[in-house]
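Residue numbering begins at 1 within each chain, and the chains themselves are lettered A, B, C, D and E in the order written.
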Amino acid sequence: MNRYTKGVSRKRGLKPGSLVHIGTVTGKKTEIHIMDYKDDILKEKDTYNIEDCYKYKDTDNMTWINVNGLEDIALYQKLGEHFGIHSLIMEDILNTNQRPKIEEFEKYIFIVLKMIYFKDDKLVVEQISMICMQNLIITFQEASKAGDVFENLRTRIRNPKGKIRKTKVGYLTYALIDSIVDNYFVVLEKLEDKIEGFEESLMVNVSNNLFNEVYNLKRQMIYLWKAVWPLREIINTLQRGEVDIIEDKVSIYFKDVYDHTVQVIDTIELFRDMVAGLLDTYLSSASNKMNEIMKFLTIFSTIFIPLSFLVGVYGMNFDYMPELKFKYGYAILWMVMLSISGFMLMYFRKKKWL
Amino acid sequence: MNRYTKGVSRKRGLKPGSLVHIGTVTGKKTEIHIMDYKDDILKEKDTYNIEDCYKYKDTDNMTWINVNGLEDIALYQKLGEHFGIHSLIMEDILNTNQRPKIEEFEKYIFIVLKMIYFKDDKLVVEQISMICMQNLIITFQEASKAGDVFENLRTRIRNPKGKIRKTKVGYLTYALIDSIVDNYFVVLEKLEDKIEGFEESLMVNVSNNLFNEVYNLKRQMIYLWKAVWPLREIINTLQRGEVDIIEDKVSIYFKDVYDHTVQVIDTIELFRDMVAGLLDTYLSSASNKMNEIMKFLTIFSTIFIPLSFLVGVYGMNFDYMPELKFKYGYAILWMVMLSISGFMLMYFRKKKWL
Amino acid sequence: MNRYTKGVSRKRGLKPGSLVHIGTVTGKKTEIHIMDYKDDILKEKDTYNIEDCYKYKDTDNMTWINVNGLEDIALYQKLGEHFGIHSLIMEDILNTNQRPKIEEFEKYIFIVLKMIYFKDDKLVVEQISMICMQNLIITFQEASKAGDVFENLRTRIRNPKGKIRKTKVGYLTYALIDSIVDNYFVVLEKLEDKIEGFEESLMVNVSNNLFNEVYNLKRQMIYLWKAVWPLREIINTLQRGEVDIIEDKVSIYFKDVYDHTVQVIDTIELFRDMVAGLLDTYLSSASNKMNEIMKFLTIFSTIFIPLSFLVGVYGMNFDYMPELKFKYGYAILWMVMLSISGFMLMYFRKKKWL
Amino acid sequence: MNRYTKGVSRKRGLKPGSLVHIGTVTGKKTEIHIMDYKDDILKEKDTYNIEDCYKYKDTDNMTWINVNGLEDIALYQKLGEHFGIHSLIMEDILNTNQRPKIEEFEKYIFIVLKMIYFKDDKLVVEQISMICMQNLIITFQEASKAGDVFENLRTRIRNPKGKIRKTKVGYLTYALIDSIVDNYFVVLEKLEDKIEGFEESLMVNVSNNLFNEVYNLKRQMIYLWKAVWPLREIINTLQRGEVDIIEDKVSIYFKDVYDHTVQVIDTIELFRDMVAGLLDTYLSSASNKMNEIMKFLTIFSTIFIPLSFLVGVYGMNFDYMPELKFKYGYAILWMVMLSISGFMLMYFRKKKWL
Amino acid sequence: MNRYTKGVSRKRGLKPGSLVHIGTVTGKKTEIHIMDYKDDILKEKDTYNIEDCYKYKDTDNMTWINVNGLEDIALYQKLGEHFGIHSLIMEDILNTNQRPKIEEFEKYIFIVLKMIYFKDDKLVVEQISMICMQNLIITFQEASKAGDVFENLRTRIRNPKGKIRKTKVGYLTYALIDSIVDNYFVVLEKLEDKIEGFEESLMVNVSNNLFNEVYNLKRQMIYLWKAVWPLREIINTLQRGEVDIIEDKVSIYFKDVYDHTVQVIDTIELFRDMVAGLLDTYLSSASNKMNEIMKFLTIFSTIFIPLSFLVGVYGMNFDYMPELKFKYGYAILWMVMLSISGFMLMYFRKKKWL
């Protein structure tokens, strides 16, 4: 399966703005979850009808529409038209190969992020797109919202006295991004566990299999880095307070997420160094182990070489070989051979070869 | 054959602006394909006469002249003179060693790009030059237009209701570049297939041949990178809306191609890392396999060393060797030798050398 | 134990500004040490009550409140409220995974630094946060103040005629940072001792253990670098004289610390090169030693090969082998064998293999 | 011979502006070649007298004075004084260790370039300095003008109808630099030939000698890169049209040379990658070949080990060894040994070791 | 001995501006050398009394005070006070761990440089500090002025007609820096000699000792680079003409030193590449030589393996072995064995293993 270039070529030759889903096909229906709140009012709704969302445009309440699933092209066509989103942006939302980025328009801003988590011990990267406009945020996820990184945020919104009830679109934007970035730390902890696991394995045993696993880890790190690195620039843009739709006072919150992002990037770089170290250690250990075997066996055989020579000597059939006639010849030879072995062992030990 | 420096030195000493074809010689005639359209009118024409193109200068219709083949110097001389293109630019068009670039002049802009495709499993890089002026774009290809990356674009132009019929030079410029960039993804998918193929081959077998192929892949990646990297800057220039001839409203489309280009560059970098990983894996596997053989054979021979010593001992001709007289001596010796072999195998297994 | 990602995920899902201690849990009570001075007046106090500090806000005297321990959340809640520190900053103070940074606010500046020292031969990194406001600095340490890097500074403050008694918040900020940076040199000296120790060990012996220790050193260096590198930017900010709260005339002092920081960074980079060199030397020595053994043993066995062949020849049972009947055959064979050995040794010596 | 630092220290302690020739001493007389032209007038002259050049200062005609040889200090002293060139610049002209650079003065600009060519298969770097002033360019070469890179340019000047006859100092400056840069392509083609030669050699044979040659090539590449890299900045300066003496309309020509220079740099970088690849391939091939030998020989000897053991067994002198008495014992043993050999060969083939 | 961190920690905890000598202790008395000149007047003086220098402050003559030795703290205290130099600067002068830098103050500029020379074949780095004020320059050296790099400059000053007699502080600053930079070339030549020496040694012999020496050279290169690199920025500052105390017209001289510095840096980088190449060559040669030995010995032993087998065969004691009875059996066996040896040698030669 093509992982990095998954089917992008399918779009080739279509006119720009043609909606095509590019990504893993799940076959699930696209679900919509709506949270509409202001001060102590909260309306929450689950639906499959995009039409149910139309009324939340241009209201005074803050609304968060969470769309799960990217495969219902018709739904996206309607959504784009009703909320006035450029067709190229709609195209980007459906294409899960996007690089994290931010784009500003007159009426809304468009943000693409990557949500990262482990699923069955495999690193999964899911694309999250956000359209933030006056009093309304629409988020798009590849998979179901069940168990996603926003659950804590929903709980905070449901709390009638939560500070978030009084905030506007900038704060919700922040809260969404913060949820994603906070989750990176969970992934990093798992990765550190893995690295440490490999470090311990390397102490015990060295197998080619391990080499492949560490290499795999290295590649995951590169992938992760590519997903997180552009985030820095995105949050920086938001923090500078130049985006109209974002209220100025959340700037300090974005500064905070910015610091976290830098921390994530720093940690990934540290891990990359560590994984590179693992590979070096692997290679050094493997050659070390091999050398140890070769050394043992070579020394072993070397001890026998002069002995074999000696027994060869007394296997010769010369008529005149005085030692052969001597009664204690055989016993003396054994003693000589034992002495030679002992002397050689001592010599090897002295040379620190043993 | 010189690949990177193909005959550039032929031009040495000529005065600047001298038209010389530098590139692979095909001997084919230069074909011209003209598409002239406006709203619901479309005139299409194939010709070998450059004179047929003269009338499309300074008209109200949008015209796309596609010149295939760079070897007819006379044709190019006429073309340059009639359309008022600087002789240095004409020289650049004929020199297929150009680096991708954009140059702005008062009346036109000049763009050089690289079209990349696989032909008989070999990566081919073909230079595309574009002259974009008021209501007219002239494109230059090295080879025939049959099967080129613009076929989908032509179909869209032929559609009488296509949006493209209503657009100007900026949009067509975009559509041409977009066709080229979209095609990069096809190449990337093929490359990923290759990388994965090599990964699987490495699991099964390790040959020096494989090493050379992976090295070749690595070089292709460098070459690709060099062809795509400058594109970023070109599209950036177009997108900033500073080029007069390009209408402002296509800026968002160029932003889109820009994102794709960055994606292509990112993917190439990822692939370079992966190919570097392949080489490391190759080297590790090769040394691993060698070590495995050496280990087996060394252990094998080591087991026989003490046995050979023993049979040597009882081949000696000492007059007094009591074991030789003993009736069961021979049988006991076999048992001793079997025990030694067994013990050594156990020892090697315990040491995890086997 | 997770070292780099120590429990950050614990904070996931909490609303921003929630105070959570992230770091090593010691269970010790949070101690507060207050120094309040102006000209020849000095009041010093140890307390566990944050309320005791309230009165030092907005006085004419210069006050330094040193808080040791980050685990008493309630204390920090009160402190933040009374001194008007943003909840996100309070959160940062309690999170020991911070990257060194500086943040300016209207009434105060917030600085995070890393204090580095060796404890039981292990490199320890302790986070120091500083809140600097008009006539007041509050510093936060992870551990007890006993034996920290500020002891010399306290002595200088206690000296009634010390220049520091006449200075304001900027100078004390400088003095605190200077104490931390000066201490880096102590760490660097220890590290250089270690590097030199390894260099000497490498001359004498080569063990896989050594490899791991050097690798560990390499990782410490990376870690150190990450802790010191951002300091450059922080001090640069302070030195430019753009921070309101810092009086202009301490700018030259910050320039001095800046130079020291650059020196520390330079030295770390030098050490990283040296450690990389150690690893290369290790690998070269290890392969060298192995080669030496293999060479010795191979040459040794090679000398015996023709001798063993010869004794084999005269162990054959052919009826007609004239040498066997010859009286001095056996003696001559010994002489032949000695000559062969001698000749081979000479040959090897000539070839410089011995 | 010191190649990179050739005698610079000889100048140590002299006062600045002291004229000292630093470079390879040839002992040849300094030749001067003068071309003075305007429209259809051309005067050409060869001389050894610097005084002959004096009259070309401040005329209406365009003059190109080409000075070959840097060893006649007296000549240079006079030249500097008459044409009003700063003594530090005169010093730079005579010092062939200059890095390519451009310096602007009120009345003239000073340019240093490196001319590169192969002589007897050795890469030679020759320094070219240029003083460009109103209607006059003086160029300085290390060696004779015979066979230099400017011959084509001279031919173009000699052509009475050549466009160059109507141009000013800016165009001649361009034409000189263009001649030098065009020549780089010739060198690059030769280098590519060499690289390809090595690639083919590596297929056939692997010798330590080859390693040294490839290393040498690598160093030449570094040297080349150092000579060409600064050129980019120089031409950029000329192209920006900020240099007074250079007429604005040649800017497009400099843009063209700039593109060529970038192309040269790109190609050198590509070649460096290729040479690095050659070294890797060399190392891989060498270890491959060694492994192949070791494998063959080890397998060969391994097959004989059990056979030798068996013949040893039947060489023992036990009184009771029934096989020895059996008539067909000897024949059966041979069959057994042949079977063992066959079986082992099959096993090795199955394991893909053979 | 700690080389890079030599005793800096001794200063920890002292108040800023405390004068402490940090560097190699020599125990020599601090010598002062004064040159006071204007046009044709020159007064020169050697003294140990700092008070003798006081009168040269604020005179019309140009004065150069050269202080040799950094260990007389009292002297430095007086000097700093009399000439009004900031205590932090005095501290920097005594600390020989400074990084090259320039600092501007109202009345003077402070420059730190590194003087580099070989002493007994060891690279020595000596710190030179300069205080440049109106008509006065004070330089500080670690060691005696005998044999330092300024001797030629002194000679030029002593020449009553020297141009330098008419210049001001800027020119002397230039002359001092120029003397230091010129001396770098001497060091570079020595280093190149060393590199070439190693290159030749590598052709002849490969020892682990050589490896260590080359590594040492590599480290020296890094050290050198660190000492020279910041110089670029310093001279750039001086050359831009923004420093008040430096007269504008020496700008061109500083441009000249700047070029030299860039040249030095370029050469060091080249040398670093060359040393890296030496290490690669060393490793390749070492493994090559080892392989050669192993190959020879393995082939040697392989030839004897079948021979030993054969003599083993005819050492067996089977009752029925017809060959043994045959009269020419023994002679034929010898011929067979010679043929086998010959055939194997031919085979190895054909395979190019020999």
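Going forward, contacts are C-beta pairs under 8 Å (C-beta built on N, C-alpha and C of every residue); 3 or more make two chains touch, one makes a residue touch a chain.
Heads up on the chains, UniProt names are A, B, C, D, E = Magnesium transport protein CorA.
Predicted model only: the values in this text are computed from it and were never measured.
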item: Labels of chains that are neighbours to chain B and to chain C; value: A
item: Cα superposition of chain A on its sequence copy chain E - rotation in ° rounded to nearest 5; value: 145
item: Chain A and chain D: spacing of chain centres that average the CA atoms, whole Å; value: 44
item: Distance between the centres, which are taken as Cα means, of chain B and chain A, whole angstrom; value: 27
item: Set of chain B residues in contact with two or more other chains; value: 287, 294, 298, 301, 308, 312, 315-317, 321
item: Chain-level touch network, classified as line, ring, star, complete or other; value: ring
item: Sequence of chains encountered when the ring is traversed from chain D in the direction of chain E; value: D, E, C, A, B
item: Chain D - residues contacting chain E, complex; value: 2-5, 8-9, 11-16, 86, 88, 91-92, 97-99, 101, 103, 205, 208, 211-212, 215, 218-219, 222-223, 226, 279, 283, 286-287, 290, 293-294, 297-298, 300-301, 304, 307-308, 311-312, 314-317, 321, 323-325, 327-330, 333
item: Contact set on chain B toward chain A in their complex; value: 151-153, 155-156, 162-164, 174-175, 178-179, 182-183, 185-186, 188-189, 192-193, 252-253, 255-256, 259, 262-263, 266-267, 270-271, 273-274, 277, 280-281, 284-285, 287-288, 291, 294-295, 298-299, 301-302, 305-306, 308-309, 312-313, 315-321, 352-353
